[in-house]
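To keep things simple, chains are lettered A, B, C, D and E as they appear, and every chain counts its residues starting from 1.
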Amino acid sequence: MSGGTALLEVKNLKKYYPVKSKLSRKLLGQVKAVDGISFSIQPGEVLGLVGESGCGKSTAGCTVLRLENATSGEVWFEGQEILSMDKRMLKDIRKNMQMVFQDSYSCMNPKMTIQEIIREPLVIYKMPRREQNEKIGRLLELVGLTREQGGRYPHELSGGQRQRAGIARALALEPKLIIADEPVSALDVSIQAQIINLMADLKKELGLGYLFIAHDLSVVKHISDRIAVMYLGKIVEQCEKKELYASPLHPYTVSLLNAVPIPDPEIKKERILLEGDLPSPIDPPSGCRFHPRCSGAKECCRISEPQLREVTPGHFAACHFAGGNVSETVSEAVSEPGEV
Amino acid sequence: MKSYFVRRLGVAVITFFLASILIFFIIQLPPGDFVTYAISQSGDSAGSAQVAEKMRQQYGLDRPVYEQYFRWIGGVVRGDLGYSFLYKKPVMELIKSEFLWTVIITGISFVLAWAAGMFIGIYSALHKYSIGDHVFTFLGFLGLSIPPFFLALILIYLLISSGYGIAGGLFSSQFVNAPWSLEKVMDLMKHIWIPIAAISLSNITEVMRIMRGSMIEVMSQPYIMTARAKGLKKHRVIIRHAVRIAMNPLISLAGLLAPKLISGIVVTAVVLNLPVMGPTFIQALKSQDMYLAGAYLLLTVILLLAGNLIADLALGWSDPRIRLDSK
Amino acid sequence: GCGSAGIQVPERTLTKAQDTGVYKEAPDLAAKVESGELPPAEERLPEEPYVEQVESVGTYGGTIRRVYTGVSDWNSLNYIGARHELLVYVSQEGVAQPNLVESWEYQGDDNTTLVLKLHKGIKWSDGEPFTVDDILYDLGVRQSGNVPLEQNGLGAAVVSDGAKKIDDYTVELKLKEYYPIEYAATFEQPYAPEHYLKQFDPRYDDTKTWEDLTSAWCSYTNGKGLEDLPQLSPWKVSSYTDNGLIVAERNPYYWKVDQEGNQLPYVDTIEFKYVASTDSIPAMVAAGEIDFQVRNMQFSDYSYYKQNEEAGGYRALALSSSSLGPCIRLNYACEDLKLRELFRDLEFRKALSLGIDREAISDSLYFGLVEGWGACPLEVAPSYPGEEYAKMYTEYDPDTANEILDGLGLEDTNNDGIREIDGKPLTIVIDTEDGYGSGPVKGIELVAEHWRKLGIDAVVNTIERSLMLARWQDNSYTAYAWKLDGAVDPVRFNYAWADLSAPDYLWHNVGVPMQAWYHSDGKEGVEMPRFIQDINAKCVEALGATDDEKRAGYGKELSALVAENLFVIPTTTYMECGVVNAKLKNVPETWISGNEFCGEKHIHPWILYYEQ
Amino acid sequence: MDDNYILEIKGLQTCFYQEDKVYYAVDDVSFGIRRGEILGIVGESGCGKSVTALSVLRLISGKGKIKKGAIEFDGCDLTQIREEEMRKMRGRKIAMIFQDPMISLSPVYTVGAQIQEAILAHNKIPSKEAWRKAVEMLEKVGIPSPESRAKEYPHQMSGGMRQRVMIAMALSMDPKLLIADEPTTALDVTIQAQILDLIMQIRKERQMSVMLITHDLGVIAETADRVVVMYAGKVVESADVRTLFKNPSHPYTLGLMNALPRLDRECERLYTIKGTVPSPADLPQGCRYAGRCPLCEERCLKEQPELVKVGEDHEAACFFSKKTAELRRKMAAGDIRDSSGI
Amino acid sequence: MWHRFKRHKVGMAGLIIFTVIMVLLVFAEFFAPYGESQTTRYASTPPQSIHIRGEDGKLHTPFVYGLESEFNLKTGEMTWTEDTSKRYPLKLFIKGEPYRILGMKFDLHFIGAEGGDFFLFGTNSIGQDVFSRVLYGGRISIIIAFITAVITLFLGTLAGMISGYFQGAADMVIQRIVELFLIIPNVPLGLALAAFLPADMSPVILMLGVALVLSVVSWGNVARQVRGKTLAARESGYVRAAVSMGASTPRILFRHILPSLNSHLIVLATLTIPQTILAESGLSFLGFGLRPPMTSWGTLLKEAQNFRVIALYPWIMIPGLAIMLTVLSLNFIGDALRDATDPYSRGQ
């Protein structure tokens, strides 16, 4: 990975939540929500971050923005380390790094109109009033909202419109990086398409970098340049988009790809269902964290934890069997969707 | 759970001591002391300063304030609430039976008020904006602007003018000192409903309003729909699923109710002549009978702290999310 | 009889029995005699019991139900006769009459030796004889200072160790100065059951402490100890609960009989029900739960009582009081020197008095039943100085009042409706209590309102009585309102009408600084205004007079001085109200009520009986 | 009535009253579910899918009301029977899984107790036995160590598990018809796959009919036998699942299908349907889709198209259903990026 | 917001009633026929009836008759008879008792009986006009209630928000302080203050003092509730969003968290006001509080709280009705305000 020129560089980021029993305040353990992840985003690049619910994607996003205090690690934004920065400087950084939140509804103050919500960052960074109005007008237009809609309250908009407003807010300060936390997961397909298109357009027009978080690989596919797959607090695979869809190396990626329903009744594919739920991040499985759910797990998987390694150039995976010795079942499964 | 309890108890103990200092300080604030009171009461030809000095010595009122405090709190810790100057007997002995009656009367009143309040609240929520709902809301706010003792007074007036012939109190005088018997119980019944009615009537409003709001909120929750979709009987849906959860805000309110057990009845008790702690407390304050007043206030504090603790525990019991929420 | 405002006051004097016949007694006592629990009546009664001349001879039985307002309301017991028996009585004219003390005699040039002779054969309620030892014991303990007992009255007047027991019924007391015997006719009880108290006395039993003795004696409170403490009164407390019911039962040894030889009292028991506030009394009256009560009743309820007489089965009483309605007492030693000077100016006091619309007070609060009255004794009193004093400065004349105030240079310079003194608003804060000492607060509010019309910023400060005392003690008050006791015998109530009390006697008229001045012969404190000095001087003279005639003469002069100098700013006469069960007999139509005559005791409750 | 159908909805109209306005959330909807069939209902958010489902169970709350129409279930009209009978129907005959598993379970009872309660509401069996059955059901829906899990509260479970509890609860009463209202919308793809698999499996085991509501055509394609497409309170198309995907006859269906990002196909931009669903409070006079439709013509703005047969077991409510096929071809060629393109 | 408020019918009714009450109270001097504590010679008269038909059977402009009282010694009844020989016509804008506003003297009153007395609500035991006192007393009560509500809500909200937002040590300290304030017993506090404060304090200071004392004992409760709400709001998405944009803490507290509290605060305010009005009477009962000539609804109601009033002079209880009317209208306004500020109810 390249050094100083990266827009965002995350090194070995960890975020543990202490778990205390509410009544006794006794430390029960730690949720290792993010357990040592590293990635980087170049200017104008989109990194898709996918993974099951609860694997730590949002936490990673928040920690990068210092909305949560990281347990350890480094986050470099344009050559400046964020995590150790003092509050005043942080404000300047935040101007360049904005977030679109997972739940567009709850992240907007229900008592403010859309315009006021978009105005908020402009006020914080003390833009003159007149310019504010102008800017809001432009932003609304940019994300495809009318002035009239701007005067409404969040609950008076549809989910898609709200999500657009959220994007407008994030764009208000002309940031260089947007962290989009599952911006479409809760939306209808039709609206989902609008948002993805919008974000792709903005990327092209404004040269934004994105960290695009999602749990659905089919969604990420349309916008990302590179994709990182997370499982239980760790990145298990990371590579160029095409590469990932063509030849996923980690069995988890494979099952993730497999789980996406294909809107064509003619294709009746054999499902490899993941058994069970995501294990508890308080007490992650030993060895490879995926091994209890992995159909190709071997003895070694239970004992030693695979490191993220560059299996083929630019393609990183954390599986003992990635690369040369991928197990049979896995490769079979991979070939399925490719046939169509 | 256990350690939480111990911790809370620890904090409560510290609060208790701080409160005791505060209480002692406030009781001591008015100029003069019990002796001043005793003298002011002894008619127009009063005792001499010499007697006053003697009395102060006897009661330890001539000591520095902090010393008086430590003597008092030391006693309290050992379970001795001190000595009432006015009644010339240990405070403990004095308030025992009054405390019992206080708790009985207000306890019953609160139970009734809460039962009625909850019932009306549930009714109002289920029949939102119906005539019944409006009527109850209106009456509720009326209740809010009439203090309970005024209600008691009006009640007594109505009773007397209709010839009921009971002017308050808990017993007719022939039964006051009589041993318990069926007649005495009957006599008690004839009297006790009056304060209970007055106190409960004026306590219904709050419960009713909270219950209504809470019920309306809960009734629109999806799990109520789930319960109905299961084919449960209507009353079962309402009671087991809706009320059970809607009661939650009332539980914290109930925590604050404990001190009200004593304080909620003070003025009503004066008007209705009840053998409860309130009037004694007022009397103790006025006469600067500080240990008696202090004991009363300490009791209130203990009830407040205990009430809050129990309410928190009850909240944990009633809503399992609170118990194990790791956030 | 004598009367004031057309009110009949009955005379009740005691005469000794002429012949000792066979006594009759209450059935319950008779039963006890039968069973041997009690000795027969002849043995219980003195050889020559007092005979009470009753209007109608009664029958035994029944209960008188009353209320009391808590432990500090011990006079409630006293006033009905469930505690304390007086050494002597005073008549309506303030003349002493024998009771426990059969006769008395002053000896020596300055009348400082008092020989008391007790009525022979009186027994305590436990059957022990009452002797002079009981008096000596009381005085001894009282003066030892070991037990916090009031040091006033006879107890304070006697020189310690100056008492000489002549025989069981005769004692010779050495007095510090002349002390008229009738002063002992109020609340105090300068005797105690020695035979009983000895067992708590550390001097007799070294396992006991003075605290034990105090609590058994319970001089300040009528606590549980009263159940055991022997009494000489017609009824004796038999069961006591704090803030509950107090029951007093007939004293089997009570030493008075009616003209037919029936041992008194007629009524079996007295019950006192505790009320936390006097506000609950009207309901109880209407419900017929009170049989006889004057104490603790508010006159403002009179109309209500009267209208409900029939329903409640009682008779409502409107009684003239032996006190005058609340008077405003200005602080002549006020810390604010300007005000002090002003208060000491008779003209100013005149303006204040003329500015009160007394008729409005009477109409509003007393249904017109009281009249404007100067700082002057009642007509019935021997020391009544005459109509001109009774009516002095009591007409409502705001014009003259304003003129006087203008004349004093008290002008409303900033046109805010309030006169200024030295640039500051002329403010008089009147301390009152919402109880019985100040009379109805509404009355004071009326006075204040009337004064405000004169441009005086009068503020009514209603506070607890003990706070009033505290403010009085550190001289931070401006004025306070208090009823004027002793409108029948001002000399006896000289603490209110004059001020001779030492500064260590608390709660008296003119305040600590002037008392200190008076008693230090001008070395300390604040000088008394001339007119108070005159009043005091006159009072000293009156006190020295042993002859009734002379004393009345001095009393008149004293009263005249008080009235013309407006020692206090007077308002009206005063009324009390009460209720009495319609079936209770031997209750006079009306009488003069009040502390001076020990309240209800004045009509001798022990002769009341229920009509069968 | 066709005995093949377990449920037939005929001309259902459900309306809501707001202040003085009335609006129809479901407006003249008719369709049927055959025995043992999985019927998919698709449509954008707010188009009346849930209201239709709730109407079947007569659980419309608040100011809503079934205005017209018949709902025939196993030979009896659910709109006509008494509430008590309806209550007995619920759960026992028709069970429902709600949209949001996170909040559809009571937070204060253990999941076991909630299932047990459902069983006891319809069976007179000892509560011990009901508990045993509840545990059994949990096991059946694939919850590991069901004995101990049954004693847990909903908040102690993950979303997927809660949804499985909901299913277990619904199945515990052994209903003939299961209404699953967006059972997977709130879940992530891997768990979605699990749940759908579970439903299919159970359907097979018990010969149960399922009404599967979703807005995700992918889900429909993988699970449903037949599909009803709803738009703004109306059925716009209904067909066999294969027919529908092969030959969609309503432009809305087509739009939905195209808007879906697909793993198996490459495209630069996703197709979008412009605009949003009209608010049920002010619906257009003509075809409700007219404002967003690429085929919209004069007639569409004035007249409401009826649902007409366009093929074997295939109905659509569009005047230009023929043209749709043409449109589809154009789209597949990638000429059209969104619905405003024509 | 206003146009949404307007649509709330009951709320509008409440607002109108409240405005009328406020106007009456603010210009009490003008609307009241008598002075604040002015006494007349007519004690305990019942409300006077207004006539339009005279003894002569003819119609007149509204008028009242003079009153004559008589105390019947036999029955104990005070009877008031109308002296029908004289009619006193009711006039608007009539000269009467002079009063001062800002140092200037006026004597114009809204209504009065020409040449006679007019007691709309009767008089009290010392002959003060109940109607006038309701107006004067209401003004003071409302001022005290509003000051108290403002202080209570301000302190409580601030402390609660800080406590809930910062948590940790600040929370611990503030919560313990709050607990102590909750424990402060107001009865002995009132007694102590009664003793300490100078008796001739100026009315304004006294009023402020009363308000302060009432606030001191009630802000803790508000702080508690606000803290709870803040704890929840703090975790909400929009606060997070604001943080991510670099909003300052005060901005977050006042721009985001505060508005989310306002419907709750409105409820608290509507509850605080009646409670304060009644609590004030409790204080004056202890000797700390307003003294005549000042009066308040609390003290007026206190006067009414005895047996003889209920039995014989029920019109003395009218201040209670005034309290009720105000409280109800305020509550309706509060409801409407809550609906109007609640964006969810927009357009419904």
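Keep this in mind: a contact is a pair of C-beta atoms (placed from the backbone, for glycine too) under 8 Å apart; a residue touches a chain by one contact, two chains touch by 3 or more.
Here the structure is a predicted model, which is why all the values come from computation and not from measurement.
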item: Minimum number of chain-to-chain touching steps separating chain C from chain D; value: 2
item: Target chain D, source chain A, minimum contact steps; value: 1
item: Interface with more contacting C-beta pairs, comparing B-D to C-E; value: C-E
item: Chain whose Cα centroid lies at the greatest distance from that of chain A; value: C
item: Chain nearest the overall C-alpha centroid of the shown protein atoms; value: B
item: Chain C-chain E separation of Cα centroids, rounded to whole Å; value: 43
item: Gap in Å, rounded to a whole number, between the CA centres of chain E and chain B; value: 27
item: Computed distance of Cα centres, chain C from chain B, in Å; value: 40
item: Euclidean distance of C-alpha centroids - chain A vs chain E, Å; value: 57
item: Chain C, residues touching no fewer than two other chains; value: 279, 283, 286, 464, 467, 470
item: Sites on chain B at which at least two other chains make contact; value: 30-31, 156-157, 282, 286, 324-325
item: Touching residues (chain side chain E, partner chain B) in the complex; value: 176, 179-180, 182-185, 187-189, 191-192, 194-196, 271, 274, 278, 282, 301, 304-307, 310-311, 320, 323-324, 327-328, 331
item: Contacting residues of chain B [partner chain C, same complex]; value: 30-32, 36-52, 54-55, 58, 86-89, 94, 98, 156-157, 160, 163, 165-169, 173, 176-177, 269-275, 278-280, 282-283, 286-288
item: Residue ranges of chain C in contact with chain E within the complex; value: 279, 282-283, 286, 300-307, 309, 316, 360, 363-365, 367-369, 414-417, 427, 429, 431, 442, 445-446, 448-450, 452, 457, 459-464, 467, 470, 478
item: Touching residues on chain B, where the partner in the complex is chain D; value: 219-223, 225-234, 236, 240-241, 244-245, 318-321, 324-325
item: Chain A-touching residues of chain D, taken from the complex the two chains share; value: 44-46, 144, 158-161, 186-194, 196-197, 215-222, 241-242, 245-246, 255-257, 259-265, 267, 269-273, 276-277
